[in-house]
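Handing you this structure, nothing more for now.
Chain naming follows the written order as A, B, C, D and E, and within any one chain the residues start at number 1.
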Amino acid sequence: MSGDAIIEVRDLHKWYSGVHALKGVSLDIRRGEALGLVGDNGAGKSTLINILSGTQQPDGGSISFEGRKVQFGNPRDAMDAGIETIYQYNSMVPTMSIARNMFIGREPLKASIFGVGVMDRRRMAEEAMQALRDVDLHLRSPDALVGELSGGQRQGVAIARAMHFKSKVMILDEPTNHLAVKETEKVLGFIKSLKAMGITAIFISHNIHHVFDCTDRIVAMALGEVVLDKRVEDTSMDEVLDVL
Amino acid sequence: MSGDAIIEVRDLHKWYSGVHALKGVSLDIRRGEALGLVGDNGAGKSTLINILSGTQQPDGGSISFEGRKVQFGNPRDAMDAGIETIYQYNSMVPTMSIARNMFIGREPLKASIFGVGVMDRRRMAEEAMQALRDVDLHLRSPDALVGELSGGQRQGVAIARAMHFKSKVMILDEPTNHLAVKETEKVLGFIKSLKAMGITAIFISHNIHHVFDCTDRIVAMALGEVVLDKRVEDTSMDEVLDVL
Amino acid sequence: QDGPMNIVFTHHSSASNPFWQAVQKGFDDACEKIEANCQMIFTQTEGAIDQQAANMITALAGSPDALITSIVDNTAFDQIIQQAVDQGVTVIAANVDDTEGAAGNARAAFVGQGFIPAGYSLGQKMSEFFPEEGPINVVVGISAPGQNWSEQRGMGVMNFMEEYAAANPDREVNVTRLDTGTDGAVVAERVGAYLLANPETTAYFDTGLWHAYVAQVLADRNIPPGQVLMGGFDIVSEVLQQMEAGYIQVQVDQQPYMQGFIPVMQAYLAHAVDLSPTDVDTGQGLVLQEDVPALKELAAQGVR
Amino acid sequence: MRRLLKIYMEKPELAGIVFLLVLGTIFQIQSGGVFLNAQNVQGILGLLPEMALVAIGVTLLMICGEFDLSVGSVFALCPMVMGVLLADGVSFWLAFPAGLGAALLVGLTNGIITIRFNIPSFITTLGMLFVARSATVVISGGFPPMIPQGAMPRDAFVAFVGPGDMFRMSFLWFLAVAILVSLLLGRTNFGNWVRATGGFLPAAQSMGIPTARVKIACFMLCSLLAGFAGTIQVMRLGAPLPSIGEGLELQAVAAAVIGGTALTGGIGTILGGIIGAVLIRVIDNGLVLSRVDADWFKMALGGLTIFAVIVNAWLRKKARAMKVETNT
Amino acid sequence: MRRLLKIYMEKPELAGIVFLLVLGTIFQIQSGGVFLNAQNVQGILGLLPEMALVAIGVTLLMICGEFDLSVGSVFALCPMVMGVLLADGVSFWLAFPAGLGAALLVGLTNGIITIRFNIPSFITTLGMLFVARSATVVISGGFPPMIPQGAMPRDAFVAFVGPGDMFRMSFLWFLAVAILVSLLLGRTNFGNWVRATGGFLPAAQSMGIPTARVKIACFMLCSLLAGFAGTIQVMRLGAPLPSIGEGLELQAVAAAVIGGTALTGGIGTILGGIIGAVLIRVIDNGLVLSRVDADWFKMALGGLTIFAVIVNAWLRKKARAMKVETNT
């Protein structure tokens, strides 16, 4: 099973002060697979994701990426390895414009020395608008501040960003929250399309219909442990709902 | 129609700097009715809600509550009139405990002079845990900080608070975001139960199924205007999806 | 008696003030001579009397043999000094004394020169340079409004100016007080701007040494020396330079080294042979242009 | 056991106490036993209330999410108003409230300007720092007024009391205020509102808390305590100097922060602010007794202050990393 | 038209300019025409660069979400290092970089301590305020070193240039730095990172920005500019006093805030900080020319500063309330 696993998680533990949030989670994620991660509130899904994307460090256990043991000290490491994440809580800077938010940390440069250079602001504006149109969001200008957007618009920007920078592994932590019907469909379509591009996806949602609609395998967590791990064909909504 | 309307909104306008967010919205909400408010991202739903709950002031138009013209200068006015709101963005103070968050501004007091008094902390802790159990959330202690909760747990606390302090009118702006399956069902059940208690509800959601499941009337907004206003019996999901 | 003496010196100034560094030099040199354990305690904020009082209280807890202190307020230190004397500590005032002198509190003696008399004699000396006729427009720069050292020096100057006006009823005498600050650059800018707007100004008195920087501004503007008379307090190299150039006419020199040195000697005598300390005037201390060459060398050494 | 240790260590103000003990030991050795002798402890305790009272007010205000840089000036203004009135022969029981009234007025002005015009309190109170100081100098004419002997009931505020005359009355006043404000913040609904207002203003507003009034109340309380502290100092020194309290604003903020108060509001305790104030006084006192050379004094002061906060942060981090389930 | 007006007025720094013009007019009348005459303008422009350079650094750092209270001390330390070396006969071209190196070192230390131990920069830099000041006194031995005549190339830094000798060289240096730092903040990816780091740290981190390094860079730049400003002042005045720059930290923060920089980070512009510095200088200068009495001076200063920010806030609010669709 681990032959073609792109990510192998082994016995992962995470403590927050006074809370044992992950109690030995092991999990293999195969290359090109779309994995659905479900579970009760507080089950530890976001914690697992945060560790995979480098925003948090585990207290025990190991992670292998493409066969090699890795230790992501910060999100940059994970991004460089090829993991792109949409976080549950907005990873946007409210005081900055849409275009700047889209490209934070990955600004297109006109010229640069030692990694610092002049941003290509026209390109940023154009690509930002294009990416937004791709998720069916029609926003005013790319210079509007993210802090002044509605809840769904903000989430839309986060998704547009991730879609724009798609990578080897895409992690989506409840991406459809706050999104309107059309945008939600775009996101589900996007997840399905990842398979064709050979991109691995981890999709977290509380909407079982959505999960069954676009993933290959379903992992359910409860109280920091994996309690179900089956292919979609081998299970049913009722079975999943049962363990939750 | 306006005979038994508890809230009458007439030609409401709202400008944010450079954005015309509400372009003359008129709406009657009948006593005891459950109203579903749907619409695209950025349609102006939250803006309308914010005005009804006093967190924002309109730039034009009027609101009547129980037949009398009102002007809610701040949320307290609306609460005193009998409007209880769950906001789309967390209305929690992350640095405070669950119990304290539940009772912000409405602390049970042991004794008081001029409105300032000693809080009954035992009662707060007990009632908080009870309210959480009512939404099927089982959290550690009432002293945990809200900022350390998972996304769904946090939303659960907001809902528990609103359910605990239920009032004449309940406004719920996308309450089921971040919530797991069981909790979501509790919320939908709660909305349905309001009718029996004669409480008016305004329910915003992007999940048409949920809206159809528990409301009597559906209002759809687009670009700051009301584009559809029909009783559930008189419309269908397709018709609603069409106008969005 | 056995063991070296413990002597503490507290005052109202911070370590970045060159005047007090010179006092410290005298203090340390004297202590070395009598082989005493000495400590000079500065305040964190320039002119902070409350901090000085706190430092005195702390120092007394270490039971020193002698306490040397500046007395910049008539009441604030009375209790503490009384307590020290009761404790058997020799207390000597240095640099500034209670305006009531020995009657003001329990200190044994005073070494230095009061703020008000110093200001007065500065004004008096400066009046010798005043033009023969025409109105006299005098500006007094209060470096730190509300702080004793500055207010009292300013008051001394103004006291003299009042007498001067009374003595010369036929002449028009105007006195302006400016908040000039204690940062050389700011003083230069403020006074520079004022002099620009009021070119008929006769003299500028600083309650510190910051008029040296005003002189620099005037030099920059090609205003000849002597057009505006200037005077102030304390000797440092910049002041001497500007006196040489002729921009500064009169400077009060309290001989800081002496103010640090003498009290230690007096304390030593009191301690070793029970001689009672006596008041020492550290000099009339008015420096004019012709005194500069002799002072330059000493100033560079930090002795004057 | 571990669990208790963990809970204990996570409290920032208690971490401060640990550091205080360590520091005390070092100073005791360094000063050859003088640091903890009766006279010195008496000296520390005698001065402490003045700064600690200011720190209490500033801590409360910072928890509420606002700043007050004008405390140092109010510290001088309030007793000066009282002193000028006393010198004019007004009775203490009119002059004292008049002084406190002036302090309250400054606080009220700070609050109203900050909230009405929605500008940062940093600027309002920085401006007020100058205005209040200037007012002090103006009403005094630059020199301390002569207060008639016995016009101030020093017995009630600064006389020595207790076994071995260990405390001044001011210490008792300080204790009373500290307990009252701690209870206000920790046990009353007003305290809840303060914390919510500073923790996340939009949430506090949307829950119907009258945040403007809460903030103004905190501004006023902060000014009042600063003024009261200044009055105590003046009674102790005997004369209302127009220059007292300069630089106090940064010290008070530092005390609050050392005690674990967040600059962004919402987090902190009164006890923490007090411990911060104690630390600052102890460091200052200990360094003087250790005979640190004057030129190096500020270096030691600055270094130790930073070090205190580092130790604090480190202890808390260690505590958080302890793997004990505390609240399941 | 209205739309342009709206966009224009919403910029906080431009609102500052409006107030500056109004103030200028008042002072011009008040001072009987002296305020705007060539010599006075020359005086203002000559002194401006020193404060404005510090304000630029502090503004940048505040946008990055951190504080620096040690700028005043670095302002003195950097030229003192240079001065002591010059007095020892070291050549300017070694002494000058050595001074700037000391400033950079202070900034680096501030940054590393703040980030490594995760403590508020308010405390780190408050401690550093004392440490750096003490270091200045220590290396100078308390007395300003005698710098040999001609050891400093004053021509390159403080000589008068331009039509009617209107500017000093330092003004050109200041302009160059201002433009460079503005471009750095507004046009480069580094600027984007600074804004993101200060705007919302978790988001910046999760997008892979090396926030620690960004912050340290800002700390260093801030110290460097403060040190450079101090060096210019010393060249102008001719001697490195150990006491220069005291109180500068609050002024610099005030300049930044007057210019629209948020204390919480993420919001602000370099131009705003500069305008804030100009305002502070102009108010100061105008009040002197208006012959305000010493006792009242600070009151006018504080009052006008608050007033400037109020006008600023009011203009912006009016602009936001204009009903024009600007970005559909």
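Note that a residue touches a chain if its C-beta (ideal position, glycine included) is under 8 Å from a C-beta of that chain, and two chains touch if they have at least 3 such contacts.
Not measured: the values here are computed from a predicted model.
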| item | value |
| --- | --- |
| Joint neighbours of chain D and chain A, given as chain labels | B, E |
| Repeated interface matching A-D, over half of the contact pairs identical, chosen among B-D, B-E or A-E | B-E |
| Averaged-CA centre spacing for the pair chain B and chain A, given as whole angstrom | 29 |
| Chain A-chain C separation of Cα centroids, rounded to whole Å | 70 |
| Whole-Å gap between the CA centroids of chain C and chain D | 33 |
| Per-residue multi-chain contacts in chain E, two or more chains | 130, 133-134, 137, 141-142, 295, 297-298, 327-328 |
| For chain C, residues that touch 2 or more chains besides their own | 15, 24, 44, 142, 145 |
| Overlap residues in chain A, where contacts from two or more other chains coincide | 17, 19, 140 |
| Pairs of chains found to touch, sorted by chain label | A-B, A-D, A-E, B-D, B-E, C-D, C-E, D-E |
| Chain D-touching residues of chain C, taken from the complex the two chains share | 15, 24, 37, 39-42, 44-45, 47-50, 53-55, 57-63, 73-79, 142, 144-148, 151-152, 154-155 |
| Partner chain D, residues of chain B touching it in the complex | 53, 55, 74-76, 79-80, 85, 87, 90-96, 100, 103-107, 109, 112, 115-119, 121, 140-141, 143-144 |
| Chain D - residues contacting chain C, complex | 31, 34, 37, 39-40, 43, 46-47, 76, 133-134, 136-137, 140, 142-144, 233, 237-239, 241-247, 284-285, 288-289, 291, 294-295, 297-298, 301 |
| Residues of chain B that touch chain A when the two form their complex | 16-17, 19, 39-42, 46, 88-89, 137, 139-140, 148-153, 155-156, 174, 177-184, 206-208, 241, 244 |
| Touching residues on chain D, where the partner in the complex is chain B | 183, 187-190, 192-193, 195-196, 199-200, 202-210, 266-267, 327-328 |
